[in-house]
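Consider the two complexes below, in which chain A is the common component and chain B and chain C are the respective partners.
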Partner chain A sequence: MSEEGYMLLQIGPQHPGSGHMRMLVKLDGDVIVDFIPDVGYVHRTVEKIAETKLYIQNIPLLEKPILNDSGNANLAYIIAVEKLLDVEPPPRAQYLRTIMAELSRIASHLYGIGILSILIGSSTGFMWAFGDREIFIHLMQMMSGARITYSYMVPGGVRRDLPDQFREEFRKAARYMRRRYKDYEKIIIKNPVTRARLEGVGVLSREKAIEWGTVGPNLRASGVAYDVRKVEPYAAYEDIDFEIAVREEGDCYARLLVRFQEIMESLKIIEQALEKIPNGKILAEKYEKMIQPRAKKLVEGTGRIKFPAIYVNLKPPKGEVFSRVESGKGEITVYLVSNGSPKPYRLRFVTPSFRNLLTFKNLIPGHRLADFPAIYGSLDYFPPGADR
Partner chain B sequence: MILIGNMEEFLRRAAKWLIEKKPIRDVRDWGIHFSLWPVHLTTACCGVEFAAVSDPKYDAERFGVLPFVGPRQTNFILIEGTLTRKMARAARLVYEQMPEPKFVIAMGACAIDGGIFWNSYNIVRAHEILPVEVFIPGCPPRPEAVIQAVMKLQKKIKRGDYYYGVERED
Partner chain C sequence: MYDLINYLWETGLNLLFSPEIFEPLVFPGLIAAFSLLIVVIWLERKIAAIIQMRYGPYYISRHTEGALQLVADLLRFLFSEVIIPKSVDKIAYVLAPIILFAFTFLPIVVIPVSKDFAAIDHEYSLLIALALMTLYSSFLLIVSWASNNKFSFIGGLREGFLSLSYEIPLIISALSAAVLFDSFNLIEIVEKQAAMGWGIFYNPLAAIVFLVVIIYSTSRYPYEIAEAESEIVIGPFTEYTGILFGLGMGISYIKLYSMSLLYAVLFLGGWEPVVWPLNLHPVLPGIILFIKAFIIVAFSVFLRAVYPRYRIDQALRIAWWKLFTLAFLSLLFSYGIKIIEVMG
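The block that comes next holds the complex of A and B.
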């Protein structure tokens, strides 16, 4: 009991519905009066230790905070490094990056949907979403060779070319996912329990979403058609025709629907990218010619890049750059300062979960305790991303 | 000791002695190795892969492993990746609340020796605060590796090769 007569409830970090954080909830009956997220349980000092690592070593490091959407985290950092180095990747690499980023977005959304489902008590939703996520993980594994941490993009290009069976496998996956969407609609989206738990809960108005700096699908579910892919196109998004998924309601249900809509849009984007992808190199000319002659044969034969030795000692000129990409959870921004040494002078890595934390904090008060997991899940909040 | 009259104490000791004897001990270990209940504590980003362990493709429930809510009803803690100082305190508290016998698996390179975060100022090595039975290398380890570690732990328990409780006296 606190002084005012409210009950102070501590949820987490050991709790099925808390994730990697503790939440202090002040309750009046079962209405939440105040909510304090106790973050920092996963603060691993990514920004500080990025200053002690080489530019190439930071690629896997920056994937760790956003592990379930690492393709996009990777892209954000690589765009920043390329701006510093003044390197332009070849068009084929740009398309491959787009494919990777979109597959990563689908996997991230399915992860979010699965977590939201289990938090509102729908085990079927968790099992289905996580089972279908494995398909896209399989596709990304074909492209990069890793399951979760791809490190697919390197300064100046990508590590591997598209495997031969990828188109066929993706066609199968897209057909499966479209068929599956109809099942999702019946069992999860239009399920009366899901609607009762999510509709009209956690309403985030358009004005408040803008005021609190919400990003990603949470912002688009409140009726703001803002997407970095459209506003400031990167990779190959300029040539690709797609729509921004927007809903007007701003409640938990709208956020769920936006995620599903975005999965469908991403499938379209990848199909277009696979159609339009040009032939050619996958590494910038500048680095391509530095590959040793013996390794060159391997690169031509397998489509896998053998790193030229320059990557160990990548020394960008002095300067500061800023890059942003739209990840599955929202906008990732990277601010990179170089002082001419092989290690970054300062790296600021702002993740979508960090920016959605304020929304999360302000959205909860006024709701009932039973609605708390629904709002938490619908925001797709990932504590390692917020704490970094 | 019967003559002194403390029957309850005597029976407690007798039961403890008996349970360590061959046939009963084997039955007990056989029972424990099928019911490993991990506690619901996600310590870092390897939780993404641990969630995939319970998904339909890998389905760890086949081995009797399904995260359960409270530490009082669980006997198995899986350290998923990095332990920050703040999380280490929570992990230790949760571990101390669990009933005996209890087991620890450290998942991921970070839980072994810091992994990619080895020079971070805010991390703790898992083996410094918890008695780890099995380590899983990888960043993050694949779900197959997690399942293999669980099977290794099961074999270890079946062999009786673990420390049963703080009260053991011989």
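The block that comes next holds the complex of A and C.
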């Protein structure tokens, strides 16, 4: 890659616009002719480590690669474990999981919008999105007690019940976010410079998106109305009425708009979930029985689960399962094999960023160097998520 | 003995307050520019912080809302090590930013502070100022070339492209002001404006083009292309550290300041109106000039909070299609006004 007349530019891993990733860009003047994303800088051997840990210990482990959308990563793993254990969480827990997953999606989208904004130079978009993300982090903190890695869902249910002030706080947050959307419209969405930078840039056609296996909002921005929440409903999505945000253009701007649309849609989903949420237990009967009598009082009083001892020694029967959820960045897939021991025999964890890598690689050539950060940001590509 | 001291004091004071020394060194030159630098960077960060719902500079001198933050930053730059990489052209690497900084100041020397106070009162002072402004990009190219870094090189190349495209609208729109006021002498231009009214009202087209060119040429958003952080780190100054990097940070602000002074002289009536306490000394009307320039500078830095940045090809298209055409139209507009004046 070092022929005469071309410039080989190494962007990252120590570069303000690269993220945790090394990327080789071959330039012909200002136009990129070849692009190699060199993944693996933040590879953490998550899948191998998972084989050495107990099922319950893998919950925080799998959250960490997709740090900005850990609610959904958590959910994907828990669904797989529950399939192995053959446990059905109670309906209230299903609704709580839905609320958590949607809050996590909003936070993830705001993160992506913020990164896209700073990559095309809009510091206001960056600060606003990251500031507003804090509100949803606060809501998730109310639910789970943690700011970033929630570990909210456990096999058979969730860790905590909905706090009393949550409804009121969420109503405020939804009102605020809807009002803020108008501000975002002014400063980012309808900003002439943003439109000049994003419209018609990095166009991903419908056919190519399917061919390259693109997932998530990037796929939906190319006109494919595919959403795991609709195709294979999990948690409480079956009972909830929502629309898939789809756009036809397939360029960076469409991807930005789809993210904004999905934030608005997620607010509606949470509102519905809060309306429809049934009363009842938050942990499956099977495990709740095993909570010690003394701890039971605490659980009933505070709505916080004190783990029964069996969680240390969960031994699913032999078998292999497959689960998938629609996270903020796209589809998360977990493939779990059990050989009857308290540790997984094999865990395959496919993240959306990894699946969007091919799209990322193929989309860049032919664009100008300045378009590189725009496409990178618009794909919401998260290197730690891809490397795992 | 006393007489001698008195004599030295008098001549020293006279020398200091002679335009040739006072202008470049004190006002509107070095000292004024440095204080403006400190205030403007603070203001830029504070305005952006308010819009972005955060505090901005805060910890250094809390009572003044962090106004001394930049002084602290400059001190840090002064004391941090200047690392000279092995691969650079050492002489050019060290000298180019210093010379660049000095040359960015030069246009200020020909800008008069009031009608009796100018370091260089020349028949063609407008042309001298414009010519000195064009030196900027050539030295920035040397900076980027000497660094021997790909990001610096791309940044320098971008600056080269941009300077080719903005200099023509800059000069044409300045010339349309010269046509309008029938003079290349900046003092005469202000005198004419005192009689006729401000240039911005006579030829708003030229005023707009010049303002956009100011923003364009000093790397303010949305034209912050030569040092686009997410693409090419910090452009030409990627390899720089310590005080040399600090100089690089300040250069575009100094350029912004000198261009804003010229803008105030050409289109905003310069130091007019000279009212009572200002007519006591020929330096004092400069305060008005400074305030006008400051407003332009503040507006330019405010745009950071509003716009992302353009791509280089888009910026070049804007310069060659829109700015160039508008600048040319503004020149015709000025001629039109002159013809109307002569006819009627």
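In this section, the second predicted complex is superposed on the first by the 386 of 388 C-alpha atoms of A that agree within 3 Å, B and C clash if a C-alpha of one lies under 4 Å from a C-alpha of the other, contacts with A are read in each partner's own complex, and residues count from 1 in each chain.
Everything that follows uses one rule, which is that a contact is a pair of C-beta atoms (placed from the backbone, for glycine too) under 8 Å apart; a residue touches a chain by one contact, two chains touch by 3 or more.
These figures come from a predicted structure and were not determined experimentally.
**Student:** Based on the superposed arrangement, let me know which partner A:Gly131 touches: chain B (first), chain C (second), both, or neither?
**Tutor:** both
**Student:** Identify the partner contact of A:Pro233: answer first if only chain B is touched, second if only chain C is, both if each is, neither if none is.
**Tutor:** neither
**Student:** Look at A:Ser122 in the shared chain and tell me whether it touches chain B only, chain C only, both, or neither; answer first, second, both or neither.
**Tutor:** A:Ser122 sits against chain C, while chain B stays out of touch.
**Student:** For A:Tyr41, is the partner it touches chain B (first), chain C (second), both, or none of the two (neither)?
**Tutor:** After superposing on A, A:Tyr41 lies in contact with chain B but is clear of chain C.
**Student:** Would you sort A:Pro16 into first (chain B), second (chain C), both or neither based on which partner it touches?
**Tutor:** Touch partners of A:Pro16: chain B and chain C.
**Student:** Contacts for A:Gly200 in the overlay, against chain B (first) and chain C (second): which applies, first, second, both or neither?
**Tutor:** In the superposed model, A:Gly200 contacts neither chain B nor chain C.
**Student:** Is A:Pro373 contacted by the first partner chain B, the second partner chain C, both or neither?
**Tutor:** In the superposed model, A:Pro373 contacts chain C only, not chain B.
**Student:** Need the overlap of the two footprints on chain A, from chain B and from chain C, as residue ranges.
**Tutor:** Touching chain B in the first complex and chain C in the second, residues 15-16, 127, 131 of chain A appear in both lists.
**Student:** Quick check: in the complex, which residue numbers of chain A touch chain B?
**Tutor:** These residues of chain A touch chain B: 13-16, 19-20, 40-46, 48-49, 52, 60-61, 64-65, 67-68, 111, 114-115, 126-127, 130-131, 133-134, 147-149, 384.
**Student:** Of all residues in chain B, which touch chain A in the complex?
**Tutor:** Within the complex, chain B touches chain A at residues 39-49, 51-52, 54-57, 67, 69, 71, 82, 84, 86-87, 90, 94, 116-117, 119-123, 139-140, 142.
**Student:** Provide the residue numbers of chain C that touch chain A in the complex, in ascending order.
**Tutor:** These residues of chain C touch chain A: 48, 51-54, 150-151, 154, 221-222, 224-225, 228-233, 304-314.
**Student:** What residues of chain A sit close enough to touch chain C in their complex?
**Tutor:** 7, 9, 15-17, 30, 117-125, 127-128, 131, 187, 191, 193-194, 196-197, 368-373
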